[in-house]
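Chain nomenclature is as follows: A, B, C and D, assigned in order of appearance, with residue numbering initiated at 1 for each chain independently.
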């Protein structure tokens, strides 16, 4: 079995998670990654969805942030104001997952508009929980497929703050959390450079070239001194992930 | 004390042209039947308030009920865009829609402040982002002890709150359970409220001492509308109709398919059509 | 993840000389056994925080553990005075006690703000009363929208929170039920926490979807102390010992009867003595 | 049967309550009055205790604000921060009951200290919920036994605000609630004068003279133009109240 690029993105994200993590999970790749981790090497990982479900253990992936499955398998479910006040703002989440329509080289994200805010070319859904997930979680993992319309030189709108214009900007705003530390894409893994906070390719997924990665990014990408190859998906990772998706399809009657 | 009414009476009683309405429900228990009734009654110039506008507001916006939208995430969850919302914002169809945009944290805090009868809420948010530059309602306050500057949001105090709940008892008390979202806060923050329910029972019976209950004297009106959350869901009654959320993308993409769907499924129908959703999926829930 | 410990280990781990401690429980579930253990370990210079100091703090104050008290109502509920508290404030015995006094509304808001990681809370309070003139921590903030001036209180962020709860499961999750007071907020507001419980169960089993639960990763330590709330009560386990509350008035009125009671019932005993209160009254609960 | 002065105080308070009232109840006379009303003419009255119990219907009187009986018979029980934020500050309580160690002629109350705050002669329990009950409930009923140490010329400390120094003071502070409207004592009922807000005797309990009332008050008391006699306790009122106390004694093994 060989992983598809999307599977590789999910698996790379799952590997970063451990039993002691408390994750604020979004729908899609983050949800798949977190549950893959839970079903493989991190059975005790704590998953939280913004709908209020604490320590949830879904057997199939939810299609929405508030599926009944999340509530049924949760330790308990709290009201949404409590979720944002006591749990997210309370500083009790170690890892927040984010994605977006667009990202820049300092891992700032846009999910609000393309074009001017008052007369947008494309009106995107907006920030939702993202602005405060980005500032209140211990660190942020981002999952996004590459492409030059997604990895852009300049964002038309900053919906959630990554590293601003470079290292030190978070601290200058009084943020004590780490912000984005890992960006998992379908082609590679990037990390902010320790000196500049600019996103830097640290590993290429099996079979992916530097040229392919650059072709998916509108700014000239930096590569780490020692770019490695992302370890290939194991048989176990792939089969657990595919089983999870199959169970999900069966449960929902639709693709997850 | 809450009054028991029909859905049509309930919407007439709590929603008037030009008023502000919060129809809440966080994925779970979205009051879709109430949204349809609002469209049927042709309400106009509404300020619609909701964290996640979702299909219910796509329909209200597309039928021209809304003048303004206060929201924090406007998409079709897990599917993509809300096309009617986008058409209103991008092209002004059926007319221009004013928007007041916040984050989830801000909206959740704003409902909480409204329920607590406070004029604003302070929270740690919006650091380094662009929303405060386009929303003048995002301001700040300085902590009188630490000197820290916190973001603020005005309390949400809607004229009307509309929610869907699991059960009401004969006294008009309302039981919520599962993903309870911001519904209790929305009702307590509002001047008047309508609750549609799956079921009216004589008594809630044995329950957790800390069950989430809105007492009768905190609710204006209750209407019995089984299935009234469809295509959203009611925990223990019926499941979320994920296929309809997917189908909506196609229905709402074009103005004419949208309008013909509204005619066939909203204007030419009544609240009783929701009952079949409750029945047809009850066993699967 | 919460660690399972003995009561003595738990107090050693979370309470140190000079730290601030909130032992909460609103009439229900007051952590009396933990208070006794704190006295036995001879902790000193504590800042004690609690809405209703009650007998538990009368004992800690009378044995000289406290340097400062932050509170909102210091009486023996339904009985009268807390004599040891009064002796400390009126006569400086066993030494002077600094007090920081609030109202219940302020304290409840201050715990809530602490749990939410905010530096302060704003509320509508203290209009026309004298407390702000004697407590410089009562300040104000101006609403950035309405211009209204609201009272403020600094968030409570204790070094340690100690509560008593009904059950913990094997993973260290903690279940509260009934009159839940401010215990959840106190634990979430604190740097570290100790929860004494009536019972440790394999699994909480079927329960309300919105049960009041503190997850294991939000709790520092758990000690199994059946009866540990006596003379307060644990809902479904044993009732409040009203007769002891009445008896306390006489015990605590004089310094020598108080000290001899402490010697006989606290210093010369261990946490195991609480178990009989659970057993003896279980059937009556 | 003839009512004792304390019973008369409780009964006079109970008569003021109706089915549509939502009462914030304190322990002692208020609790007895509210439950007497509920068991006689106001079966649908809503009772709330600050421990978080909403719409509670105890069969015996609680000895503390947080007895299990209150929770067992409540519609539901909320956390204390919610009680003070959503319910009391939320403006959802029509009647709040207060008492105190001392009251002045404008129904301000002291439950904090006698003597200087920093070196008190008597340290009282403090305000508890009272300061915000006094400002956030629609109106306030006070129950207190008379005596010259309780009904004083000048309070050493204002714990909760009544009518300040007279009519208009509440409005000047931005308070939109009515404040104390009825003071039920063991000897008489007082109301703030409509023009001055000074407490004025409006009815004397059966057999009580003006001289007896004045003897229980340190300031020269005003009497209304038409002082009436408080209607005597009915057989039903007295028997229900005494049954309630008897049930309470039996349940608790102590006096209530």
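Definition applied: a residue touches a chain if its C-beta (ideal position, glycine included) is under 8 Å from a C-beta of that chain, and two chains touch if they have at least 3 such contacts.
Each chain and its UniProt protein: A, B, C, D = 3-oxoadipate:succinyl-CoA transferase.
All values reported here derive from a predicted model rather than from experimental measurement.
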Chain labels contacting chain C and also chain D: B
Topological distance between chain A and chain D, in contact steps: 2
Centroid distance [mean C-alpha coordinates] between chain C and chain B, Å: 39
Averaged-CA centre spacing for the pair chain B and chain A, given as whole angstrom: 28
Multi-partner residues of chain B (each touching 2 or more other chains): 116-118, 123-124, 148, 178, 180, 185, 207, 209-212, 235
Chain D, residues touching no fewer than two other chains: 71, 77, 85, 89
Interchain pairs in contact, sorted by label: A-B, A-C, B-C, B-D, C-D
Contact footprint of chain B on chain A as seen in their complex: 27-28, 50-53, 63-68, 70-71, 77, 79-81, 83-85, 88-89, 112, 117-118, 120-132, 135-136, 157-161, 164, 169-170, 173-175, 252-254
Chain D partner contacts - residues on chain C that touch it in the complex: 26-28, 51-52, 71-75, 77-78, 81-82, 85-86, 89-90, 101, 103-105, 108-109, 111-112, 123-131, 134, 148, 178-182, 184-185, 212, 233, 235, 239-240, 242-243, 245-246, 285
Touch list for chain C against partner chain A, complex: 1, 115-118, 173, 185, 188, 207, 209-213, 215, 217-218
Footprint of chain B on chain D - complex, ascending: 20, 22, 46, 54-55, 71-72, 74-78, 85-86, 89-92
Complex contact set, residues of chain C against chain B: 116-120, 122-124, 137, 139-146, 148, 150, 152, 154, 177-178, 180, 207-212, 235
